[in-house]
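What follows is chain A paired twice: with chain B in the first complex and chain C in the second.
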Partner chain A sequence: MSEKILLVEDRPSRQQIYSKNSGIDLKRFNILKNVCGGEEFHSVKGEITKEINYFDKFDILMFHRSALSTDERTMIINYADSNSKTLVFFSGGISATNIQKVGKSQLLTINSKDFYSENLKLFLENEGKEISELAFGTNWKLNQLTSAKEKLTLNILNFVNEKVELEMILDELSFPQWIKDEYFNIDSSEIDKEQLVSINKNFEAKIKELVG
Partner chain B sequence: MKNIILVSDMMDNEYPLPDFFDKEKIATPNFDEEIDSAITNYLTNLNNKEISSITLPVNLSQNFLELSGIRVGHHIRLTKELKYRKVPLIFYGSLELETLAKISPLSSILFTPNVYYVNISRYSFEDIVKYINAISLSLNDFDFNKYLDFVRIEPPANYQSHHSVDNEIALIEWSKYLRCDNQIVEVKENLKNGLYFKYHSVLNPVESPETGTQFEITEKGNILLIDDEWEKGWKDFYNYFFHYSGQIWLDTLSIDFKSLSQTEIIQEAKNKIETFKPDVILLDLRLCDIDFEDELPSNKLTGIQILDIVKNINKGIQVIITTASNKVWNFEAAKKYGANGYIIKSGISNIKEDIKNLKTLIEEGLKRSSFLKIINQKLKAAIQCWDNYKIHQRRNLTDQMHDTLWHANLKLQIKDFLNNAFDTINNDEIQERFTISILLLYRVIEMLNEFFIVEEGTYFKKDISYKFDIDDQPVPRISFNTGNYNIETLSKGKTLSTKEKAYAIYHKYKNVTPKDLFKMINNLTEYRNKVAIHPDKRFKEESLEYLFENKFDDFKRIIVNHFNAVMNYVNSFN
Partner chain C sequence: MYSIIFCILNKYDFIKGLINNKDLTPSQRDRILRLSVKEFGEDAEIIEDLKRRLAAIEYVIINKEITKDSGITDTILNVNIYPTIHYPQKTVKLLKYFTANDKSLKYTTHSWDKGKFSSFKNFLASIQNEWKSISEDLKKQNNRLHAKIFNFLFNKKLGEKDGLYYKSWGEKKLKFGWSSNELKEFMNSGENRDPFNCPIPDRIKQLEKGINLFYFKDYIDIFKNEIEIREENNVLKKLINKIKTEELSFDFKVTTENIEGKSFYTDVSYFKESLKLIFRSFKNRTEFPEIIIMAKSDFSLNFLQLNITQKDSICQRSIEDPKIASPTGGEFGDLIKNLNGLADFSISAKFIDNKCYRINYLASNENAKHIEDVENVNGFTYELKFYL
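Take a look at the complex of A and B:
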């Protein structure tokens, strides 16, 4: 399996301690290229200004934010934007987890301690398919479901038509595929307000189950 | 008066809302901007509006668990500068209140005074308008402590312990006191905008509107700062701290602490100490990530290991621990390893007192190191010399038990007495430490005399005589007369004083009578006979304790000479 996730860290001791505390053995993930301190760190960091296409081979780029200068951060963000790369900045100075859109892709900013946690293990075990796994760990489904419920509720509040095209509303609400599959598996191509309210109640029930 | 509603990223610009509301949206933070800074900047801009109520979603972004709306709510309550910080907050969301409470402790704001939650699965925005009209909007004041009783905001996860938080707060408060806080922009921003720091500041209000006056430290010397946060502002703080102290040379261990291992940091510190030769070191205890491990014993902290190295290099270098740790076991470890002062970086204590203590410790440290470093350096050389000296077997055993024991232990005891003499002057908990150390030094001369000179006969029978143990040759009297030392044969029954025995031994082994050394031995003897053995304070103004407090330059010259007398004497056995 090729290394499609790049992790660039300038503080080996921190990685070592946090990984130990979280019980993560980064070496066992073939999907991950872990550049941690030393010459290799400087070399990879240098590629941002020298040969940014170096990063083409990766899908996900994870950097210790403070290891990069403001200019380097801007360059890598622009690169991620143009090349649809998922970007992760972790740092001790980040106080709250935040996911933003960068073009068609996403930028996750996360505190270092939250980054080197069980979340990273889960994220790597699932080959980095879902960035919210890294952001919210085992609560990633809860995040998607609560977000979906919020959107759907706002939509219902403003629902004026008798019926709408199912595809249209799903497109508008941009639900993840698993939510579409599990909750919108209906025979008709149209959906009415009553059905949406019912689905919303199903969301609620599942959320309560997940929250415990 | 405006009733503001904040809309979330999940609502497009066209989303219909009652005209009752002034619609607002917090812009997504720039890629490089902290969310707390973005929120603070936004809320500060609202300060010029007359606001009656704020209606806001539980979350503002596309990811519900970020709960950024709730975060905004806490910012409104905790930002002291906001005129409208106590207005009614009406949160809207699609979950049950109980579910929200389970999702995050931040949701506790929903249970505090003047905060309302509307579940939009059941109620519309029009219902919210009716609700707002129904509640008394005069409720702009309430018992703020009830809000604080309900909420608990945790520090950002990277603050490995509360010490990291205290470190930053101390930096900003101390800098404010000295009016140099404009030099630490990053920390200032963090403390000004960070949600946790706002919470901390409300819980621990610091009464420090006053600022200190600049001062001058008149002592001189090299000061080394070893602090992993040196770049974050501590270097700037100390530069300013010593701004008017013209004889202070401040340097910093300017390494990238975060990228080095503990071993590398300790080695870098050792190199720096050996080249910069500091008189005082301001040393933090936690210097790398490993220091924040819960079960790390105090003696494994990087700061404690560096302290140990410093004291091995020269015990006279004064080390002031500057740490955010208030753990008693760390304090005990620092004391055990020889720290000379301990300042807790807290920021919530009395800042004026903290700064005053820091200044006093530095001044005292510089004063102490000005003689302790010199003495310790010579002491180490003298001990090394004594270690290398191959002591002969004592030939004359006039008193079987006494002589055997002396011979067996002399090497060890000379070292012990020299070390104890130093440790005594270095221990300011001993009231008459300087005088006691002189007695210990004097005893070193006596022990050497007793070993090298055999005394026969008794003082009372007036048949006393002296011979060198090494060859049984008689011991001459060496006395100072008309600018020179004269050597004369001693007639039987005449006694030799301690200093005369020392002169004779020196002459025996070196075949010279150095004036300077003999004068120093003479002065030491006089001090011992006049001041040290008269505790009735008859000679108080000649005591080293008095000179230390009142005539420091005289004190320094005299104490160094007293130590030199004994150390040079010991060095002669090489």
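Take a look at the complex of A and C:
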């Protein structure tokens, strides 16, 4: 099996400690190219500015955020967008897990501790098919729905306008794409409070179903 | 110039004398006030001109050496103060201390690996040393940004009263930081304490009712987002949406292009204030309801440019009008002040002579011209250039 997931880390000791704590042996995954410190790290990082097509062979690119400069980060984000790649930035400076759509790509931002967790093992065992597994684990759907329900409830409580632009509220609440597609598939570009309450009820029903 | 000021002051004293006259009836006093407003209104243009000329003099005196006998000549009065040359790249370089692996300052915003520092005292000493090496430079670059960072890192009296106000940092006026006593106590209360998990003391929570932050990590998170627009969570787009809701009515339509996933260092509060000023200026011209915000990156020159355009709107002034070409106050003056040391700032538009120009107010390129001809523009555009 070819390496379709790239992991680029500049701090080998951190990777070693976190992987040990989570019981992950990164070497056993043929699907993963693990570039961890040393000359290879500098060489792969250098490809962002030198020859970005180097990354064509991978579907999923995972970088330590602080290992890249702001312009290198912007370049790799632009590249991921143009080439429909999934991109992951992990860092001790990221406080919350978030998946967002950037053009044609998906960007997951996640704290380093959460990144090197059992979810990484699960994600690699399932050949990197579902990025939400890396972000939220086995129960990712339930996790995201619960979080979405909490955000929407707060928004409904503070709702003052007659109507709001649909795009604006979706941006504000940062829902994952699948939730936008499944629950906010309405014809109008605006949405009112009553519709939001109804969607929130649908969230609740699905959560109950998933919990069983 | 002085005779004009003298004349205005004389008018002021004369009117003050009239109003203080106890024999006046309320309606006579009202009439004097109305006439005074009219009189001073006619002086507004003169005052604006004086302000511009004064700014030019200050510029020459502060930025260039003048000999004893140089005096204030017409040549000096005609000096144009724009573009002001500044160095936003330097601010960015200093803010990068908060992500560099070899800096302890990084760990004021990044979670600690176990055993990273031998003691909290050593950590504070280490960031103090690093701060010393950048503090003066950052202060020169942007005083307010410097004060915010200093208070977050080193102010031991956050949450204590300083005259009428509490000592605090940042936009939300937060009152807990790295040098707060309770954090020190928490760190010394056991082995391998994680500062990010320090609970916020009740005395601070009492002062910050409505903010609802419970752990120091929540404060750190806010700080990080005050010095950098971060790609995670679509911060730039959310910020634009929020300001649009606050400043513009439903009659306006804001479209964004290529702004997702963008990150750059800046003083985010100043950036927000600038966006508000720009949006407010659009509000004055409701006949042009289409606003386009577009980001473009230049990796050879390492910048991200944000163009904010009111489509089809043209500038109703002449390119020679000092209010637009060499502003000293108003909305442009505030924007220039806000963005100094943070981002290059220009506008481009079609003017009343039907030609398109760019006016550069803040530039990091020393060869930048004040006014340049541009080929075409699709509306009145504010151009902000952030360095990466």
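Heads up, the rule we're going with is that the second predicted complex is superposed on the first by the 143 of 212 C-alpha atoms of A that agree within 3 Å, B and C clash if a C-alpha of one lies under 4 Å from a C-alpha of the other, contacts with A are read in each partner's own complex, and residues count from 1 in each chain.
The working rule: a residue touches a chain if its C-beta (ideal position, glycine included) is under 8 Å from a C-beta of that chain, and two chains touch if they have at least 3 such contacts.
The model shown is predicted, which means the values in this text are computed figures rather than measured ones.
> Contacts for A:Leu122 in the overlay, against chain B (first) and chain C (second): which applies, first, second, both or neither?
It touches nothing on chain B or chain C.
> For A:Asp71, using the defined touch cut-off, is the partner it touches chain B, chain C, both, or neither? Pick first, second, both or neither.
Touch status of A:Asp71: second partner only.
> Kindly classify A:Ile31 by the partners it touches after superposition: chain B alone (first), chain C alone (second), both, or neither?
A:Ile31 contacts neither chain B nor chain C.
> Which chain makes contact with more of the residues of chain A, chain B or else chain C?
B
> Of the partners chain B and chain C, which touch A:Ile17 in the superposed model: first, second, both, neither?
both
> If you stack the two complexes on chain A, which partner ends up touching A:Val44: first (chain B), second (chain C), both, or neither?
A:Val44: touches no partner chain.
> Could you say whether A:Ile94 touches chain B, chain C, both of them, or neither, answering first, second, both or neither?
In the superposition, A:Ile94 contacts both chain B and chain C.
> Considering only the touch criterion stated at the top, classify A:Leu166 as touching first (chain B), second (chain C), both, or neither.
neither
> Contacts for A:Ile52 in the overlay, against chain B (first) and chain C (second): which applies, first, second, both or neither?
Neither partner.
> Show me the chain A residues, by the header's touch rule, that chain B contacts in one structure and chain C contacts in the other.
Comparing the two interfaces on chain A, one with chain B and one with chain C, the shared residues are 10-11, 14, 17, 70, 73-74, 77, 91-96, 98, 100-102, 107, 111-113.
> Going by the contact rule set out above, which residues of chain B touch chain A in the complex?
8, 10-11, 15-16, 28-29, 31-32, 34-36, 57-59, 61-66, 68, 71, 93-96, 99, 102-103, 120-121, 124-125, 156-160, 190, 194-196, 256, 258-262, 288-290, 292-293
> Under the stated contact criterion, what part of chain C meets chain A in this complex?
Residue list for chain C touching chain A: 92, 96, 99-101, 106, 109-114, 217, 220-221, 224, 231-234, 237-238, 241-242, 244-245, 260-265, 297, 299, 302, 304, 388.
> What residues on chain A touch chain C, complex-wise?
The touching residues are 10-11, 14, 17, 49, 66-67, 69-71, 73-75, 77-78, 81, 89, 91-96, 98, 100-103, 107, 109, 111-113, 168, 171-172, 174.
> Using the touch definition from the top, list the residues of chain A that touch chain B in their complex.
Listed in rising order, the residues are 10-14, 17-18, 37, 70, 73-74, 77, 91-102, 107, 111-114, 132, 135-136, 139, 142-143, 146-147, 149-154, 157-158, 200, 204, 207-208, 211-212.
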